[in-house]
Amino acid sequence: MPIRTGQQYIDRIDALNTYISLDGEIVTGKVSEHPAFKGVMQSQAKLFDLQHQQELLETMTYESPTSKERVGMSFLQVITPEDLVKRRYAAQEWALSSHGFMGRSPDYMNTTLMALASASDFLKDKPNCFPEHLLQFYDDAREHDLTMTHTFIEPQVNRKRYYIEDEEVTIAAKIVGKTSKGLVIKGARLLATQGGITDELLVLSTNGYDEWKAFGFSIPSNTAGLKFLCRQSFVGGDSTFDHPLSARFEEMDAIVVFDDVIVPWERVFYYENVDVANHFMNVSGFQAYTLHQVLSRQIAKTEFVLGVVQSIIDTIHIGDYQHVQQKVVDIIVTLETMKALLLKSEIEAQRDQFGFVRPDLATLQVAIQIFPKVYPTFTEIIQLLGASGLMSIPSAQAFAKDEGDLAHYLQSFQDGGEERVQKFRLAWDLTMSSFGTRQTLYERFFFGDPIRLSSILYKSYDRGHLVKRVEDFLNRD
Amino acid sequence: MPIRTGQQYIDRIDALNTYISLDGEIVTGKVSEHPAFKGVMQSQAKLFDLQHQQELLETMTYESPTSKERVGMSFLQVITPEDLVKRRYAAQEWALSSHGFMGRSPDYMNTTLMALASASDFLKDKPNCFPEHLLQFYDDAREHDLTMTHTFIEPQVNRKRYYIEDEEVTIAAKIVGKTSKGLVIKGARLLATQGGITDELLVLSTNGYDEWKAFGFSIPSNTAGLKFLCRQSFVGGDSTFDHPLSARFEEMDAIVVFDDVIVPWERVFYYENVDVANHFMNVSGFQAYTLHQVLSRQIAKTEFVLGVVQSIIDTIHIGDYQHVQQKVVDIIVTLETMKALLLKSEIEAQRDQFGFVRPDLATLQVAIQIFPKVYPTFTEIIQLLGASGLMSIPSAQAFAKDEGDLAHYLQSFQDGGEERVQKFRLAWDLTMSSFGTRQTLYERFFFGDPIRLSSILYKSYDRGHLVKRVEDFLNRD
Amino acid sequence: MPIRTGQQYIDRIDALNTYISLDGEIVTGKVSEHPAFKGVMQSQAKLFDLQHQQELLETMTYESPTSKERVGMSFLQVITPEDLVKRRYAAQEWALSSHGFMGRSPDYMNTTLMALASASDFLKDKPNCFPEHLLQFYDDAREHDLTMTHTFIEPQVNRKRYYIEDEEVTIAAKIVGKTSKGLVIKGARLLATQGGITDELLVLSTNGYDEWKAFGFSIPSNTAGLKFLCRQSFVGGDSTFDHPLSARFEEMDAIVVFDDVIVPWERVFYYENVDVANHFMNVSGFQAYTLHQVLSRQIAKTEFVLGVVQSIIDTIHIGDYQHVQQKVVDIIVTLETMKALLLKSEIEAQRDQFGFVRPDLATLQVAIQIFPKVYPTFTEIIQLLGASGLMSIPSAQAFAKDEGDLAHYLQSFQDGGEERVQKFRLAWDLTMSSFGTRQTLYERFFFGDPIRLSSILYKSYDRGHLVKRVEDFLNRD
Amino acid sequence: MPIRTGQQYIDRIDALNTYISLDGEIVTGKVSEHPAFKGVMQSQAKLFDLQHQQELLETMTYESPTSKERVGMSFLQVITPEDLVKRRYAAQEWALSSHGFMGRSPDYMNTTLMALASASDFLKDKPNCFPEHLLQFYDDAREHDLTMTHTFIEPQVNRKRYYIEDEEVTIAAKIVGKTSKGLVIKGARLLATQGGITDELLVLSTNGYDEWKAFGFSIPSNTAGLKFLCRQSFVGGDSTFDHPLSARFEEMDAIVVFDDVIVPWERVFYYENVDVANHFMNVSGFQAYTLHQVLSRQIAKTEFVLGVVQSIIDTIHIGDYQHVQQKVVDIIVTLETMKALLLKSEIEAQRDQFGFVRPDLATLQVAIQIFPKVYPTFTEIIQLLGASGLMSIPSAQAFAKDEGDLAHYLQSFQDGGEERVQKFRLAWDLTMSSFGTRQTLYERFFFGDPIRLSSILYKSYDRGHLVKRVEDFLNRD
């Protein structure tokens, strides 16, 4: 049966024996049992299991056009406006399961792949392009319920404008050879979230100024020569009392090194075609479809934050202050705004050149302006409301051995000491632990450099008619 | 024919001879020819004329349920969701005509009256309440295409919390007597926009702590004892080159004084019923329906601002700067957000207790949080982009007598001196003239004190399920 | 006697018959009696008279090194740190007299000239440079108590980076010829504040990419071919009740056109020396000395704003609200910060290469970052506190003919209607009249484009030792 | 010899065997070797050692008026303005040593005690007050170079206004008995920074509504019944590559529980005197003197942040972007502002009622408004500049076992991979580790609730003369 269970997901990843390096150690044994990965893999497994819940079957799956079996809704191509709504419901369900903390829940990458596959016609008859490979991979991924990660950016050697890497030194991954088996890739790319715990790694170069950096392909995570070099883990520990979020949702980010990796030809979507590399993503519905999914995730996250904030207000009884009310209202405004933009993107959806229905891109580009600026303010709000409560956070162990002092002296208006500290630890893990701050950073840059996103919107947003309207006004009478 | 023409509107107002005091002079003669009023009355007349344009007839009017003649769409009661859309289209058309600068275009007050009339059942069988008077007045207004202003607030003697006026001194208007003819009202109310140039004055007390301040009624502007005391006029002059906005759209604000005014019983909707006075507005669809109209106006205004900003950018050629792009994007985000919230309010409309369909109030309450904060930033954006251009603004007369210096030395990348100065004068009138700054103040407080609006939203917005969601999360495993 | 009286100033300006064009009319007769100029000239005259007040003589004047008569303190060259303090006291006195609303009170330009003269050695022995002319003019200005305006910037044709004007079209003023009498200048410059009501016009080109735009000189305002083309006047009227600020302090801004103006050689400080044109201002103490004066003016203005804000709070009794208190505190923080930076600039003053003592430039560059951002917030504060009170502003005439309504119904907690409206009209004139908004724009750009000022500070501020400190920290242990 | 060495400090604390509970374990053995405390104790020891450096002896110490030996400068009472400068130099030296990360470096508490002792006359002849105990303790602390922590606030049960604890339930510490030996105290107080690693705990109740909560005393940390219950430790680990700040400066915060603690009478400064409890802190120079020290610490911290930010800019070469420059300038403005306010507080120092010289309080109250708002923006700046670099942070171990991938692929414009990651790990520890976020929270609330601090400044700041100035202006002419 195409949709997989959580256990199947875990077993498959464990079997891969992907090269993962963490703190100088190569991960051996089952990755699903490694402290840095077990929590998030369990959370991901739950997503797969949700697909099998009878009452969610219609929401989470659809009938495969090929196998006629149930496959994951995030693979659904959008033929009608209703398909968009179906996709939204499924995205919301998964987002709710992890409260929006997993930026690389499988639907994000499934959506990416669906978007590219739906635009595969663009590759047709172009030099060094293989739309059939892309379509085949899309089918495989859907029918095997594969998980993917990706790397779209190059190492941050030099962020000066117009920096072009010297040919002599290879840092960013590039084509260094071609053999009968496939492309040979050498170099590094950033920053694969969930790197090492997915079946596949999807790689698309987006600024292919040079032929040797113009490529698109996907390879299994355990391909020879492929290495995932991890940052320090932000799992605080096993205890879900102490680390309610990081114990469950810490996704890890990895630098990906290609050490003369051979990409089999049947997995190459295009190569050495600068024009295609520069335009394929933009011509495809990648932005529109993924932002549509992203917004559902961000909405779930905002709802969770609002719940946390209100819990804190209730437990220490500060809801009568005007400045407290204003802070809550600011979150409400963000929440309703994003919900409204999501609806608008669907209402204003249009059929694209490939025959599929896309949500309105301008609306979604506006939406993606908001969260990177607003999400960091949630930390500010929680710190200003939580105050010393965010520092009065003894651990589960402390409570376990407590003889009454903590339970008594840390009580609040509404809760006993332990219940109250549990809420504050959640607020702390959300905004102040290494996990929480990584979330903030992640949301700041989720869809790319905010300044670049602004510039794109500035250039693409249609407003000539408004300038005309002003001119007509000046010339009337 | 029920819908009136612009000329009919003007003639009717001129005929009223309403008591209007301005700079110590009582306005005599035709008010439509007075420098402080003629521009805005011409603009208002255009709105009436629009209703008669053949191609807009379906948009701007509908068939009266009583007279079967065409009446103004802003009077339409909302039986179906489609009625909301119709109302939106009409509101947009009028908003476009004045680019959102007329906060008291007749549809605002028509909508108010429609909302109250639709909730007239609330008054049924309550002491001192006359729902039949309200319904009759609604019919009259619709069939005669009356214009109204209103005053909902009391003089700002003391803004301390819980201030209650001393009984001895009458400042805020109150009931001082009852005769066979009607209620006797004495005192002042603030701040009637368009006061003096409408047919009627609608008065609803909203915080009727005391019986003598609990009333709702409407009276003709020329009722004996009723005085409109105007602030200084902000019409800069006749020239639409020099004062493109104030010459057309300056609405005037007036203090309303009731000098023992007798309100005929047939125009009294309720009196001396504190409970009704305190709840009628909130129980009715007043907020939901008027905010739905207001949003259309604010959207048109934002579009105009965006057009002006882009015109300036184009004329002095500064669109390549990143900080300039960011400023434009900020306006785009506001615009799309408000459009999205307006759509959402319609999609989530629900039938109310009186059988009518209301747009979603929470969504609209969120929307009204945005403009008071964002509109003032438009001034900042325009000042930062316009810079010295906003001070290099010779008048039309200066250009008329110019021998070439101004035309030459004030040219820009795109325009000759006069065209360029015309654009900057528009930007200046929009944000820096007395008219422009009054607009900013008006938008800050359009729907009431922003702090109070926040508090209302804090209290009414449903989020118990989100607190529950957080608790479930903490208790899982 | 060198220091002049107000009357002497007025008589001298009247006698010049400078070419001033306003609304297409050439000003004829006494400019001091023209509605657009009389208020500010009266205010300026008061500054001159202050110099003659016996108790201020020591503060406002010093003994001329040449004539041994009393001359204006703003001409004082800074030999000792105490001289800086003397200069500050004098600047504060004048700033207080106009509450900081006159950006071109004579001390600003006097300071400019003093700074240039003190650096005249820089011009010595350089091609086409005449330090002796500069010194002579400084002496003349001091001994005759001359007033000056200046124009440092070019018309805003195109603000694109690296825009260089086409040689064919003359817009920005440039050298078009040289005769035995002097340089011939043609073209325009922006934006002479007080243009037309000063004795002299000082012109320094600051970005002399081309020889023909590299010059520095001063000429009398009535030089043949020199024209001051004014923007619309922002004097609201004569009444100081209605227009307490614009009736007194509106300085006017003028485009300056040079119509083949001959600048006599003895008034040329340098010409056709690109290197000198590019560096003289920066090498001189211009920035340090003028910013030192500017800060005193901005402090007086901030104090006035704080007084106005508190008056409004008191009159409507809103000082108990936390958000009101926060707004006042924000102004207090600005005020104390600027006072502190002014002190620091004096304490850290150092002797420059020409032997004079300069206040610390980095400190003053920091100070000038603050006001352009904070001043506009004063408008926001006043609007949020004043609310409808800023629209309930009948004119003096209205009160004159009032039969009690206005006095009664507009009373506040503390004041009768007229006293209260007087305060709100002041607040309105400060922030919402055309005069007030021009003040805001003026402060935003007072010392140049804020972005450019930031960039200069970024480049000049010494922080290598702090980077070193971090590196040492990383390498310790 | 009164000033102690670092080793003496460590030995003394180790010998105390204070009751410290952490994660449910009671700390046994030497606290100076416990992972949660050893780093900060080493850093603290360095401060003591600094006092013994020959070249710093004059800066860091002065001659004791009693023992005639060298004692710590932070104990110096301020007889002359020069004494303030001496105190500043010493505070700066210690602040530099820990770059401002230790909020409870001993000088803070020494200053507190000095301030109270200098105001001991206030206690004279008041009921239940013992100024002689206070003076004796001040002498003891100075002559033994004691370290202290303190707890000034009560548990956050309920932050509703006017909440008064029920008498039945003891949560906040209070007097529950009096014996011949001393006061008996029961209950908890928050939040002792460095709790457990100081010699003494100073306790002052600040809102003594009730007699049983009105007290001031100091007791040794190892007093019977006194418990320090710690939050989770934020020491990330031993490696100063991985955790350059938390390995050195994590101070720990502890809830303090009094389990029927007997406070010896000779250590009681006052008790059961509500009036004294409410006013002693404010009457004393506590605020002025401690803020004077705090500012030196915050300045050192800001300098460190500026150094870190510039290091990152340099290493990835982004200093040419205007938005990057603006962010640096914002930090520069903060830094110079605080330096200026510190100077101003000294220049405007005045002699108090007890005969000592106090820095200007209003100036310092303004200063303390700034950091709580600005410090959190440092995180934003670092995240926006650091971007993905803040996630590409392998550990020291990873580098130790790296075979060249990390060093190569993580290189930057300026640095090799390891050097670059070291800088980014510092930036991360500064702003994104649990240590870094705790620092942010700490600075937000360092001197109390910012809203309360605003309110105090609003009420105390003298501005009547400015209101008067406005009134005079309105009444002139």
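So that you can tell them apart, the chains are marked A, B, C and D in the order they are listed, and the count of residues begins at 1 in each.
Operating definition for what follows: a contact is a pair of C-beta atoms (placed from the backbone, for glycine too) under 8 Å apart; a residue touches a chain by one contact, two chains touch by 3 or more.
By chain, UniProt protein names: A, B, C, D = 4-hydroxyphenylacetate 3-monooxygenase.
If you're wondering where the values come from, they're calculated on a predicted model, not measured in any experiment.
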item	value
Longest centre-to-centre distance from chain B, chain (CA-based)	D
Homomeric contact chain B-chain C: same or different residue positions, threshold half	same
Whole-Å separation of chain centres (CA-atom averages), chain A against chain B	44
Mean-CA-position distance for chain D and chain A (Å)	40
Centre distance in Å when chain A and chain C are each reduced to the mean of their C-alpha atoms	53
Contacts with two or more other chains, residues of chain B listed in rising order	322-323, 451
In the complex with chain D, residue positions of chain B that touch it	322-323
Chain B - residues contacting chain C, complex	21-25, 153, 155-161, 171, 187-188, 190-191, 227, 229-232, 242, 253, 255, 257, 316-318, 320, 323, 376, 380, 383-384, 387-395, 397-402, 405-406, 408-413, 431-434, 436-438, 440-441, 444-445, 449, 451
In the complex with chain D, residue positions of chain C that touch it	99, 240, 244, 303-304, 306-308, 310-311, 314, 319, 322, 325-326, 328-329, 332-333, 336-337, 339-341, 343-344, 347, 362-363, 366, 369-370, 422-423, 426, 451, 454-455, 457-458, 461, 463, 466-471, 473-474, 477
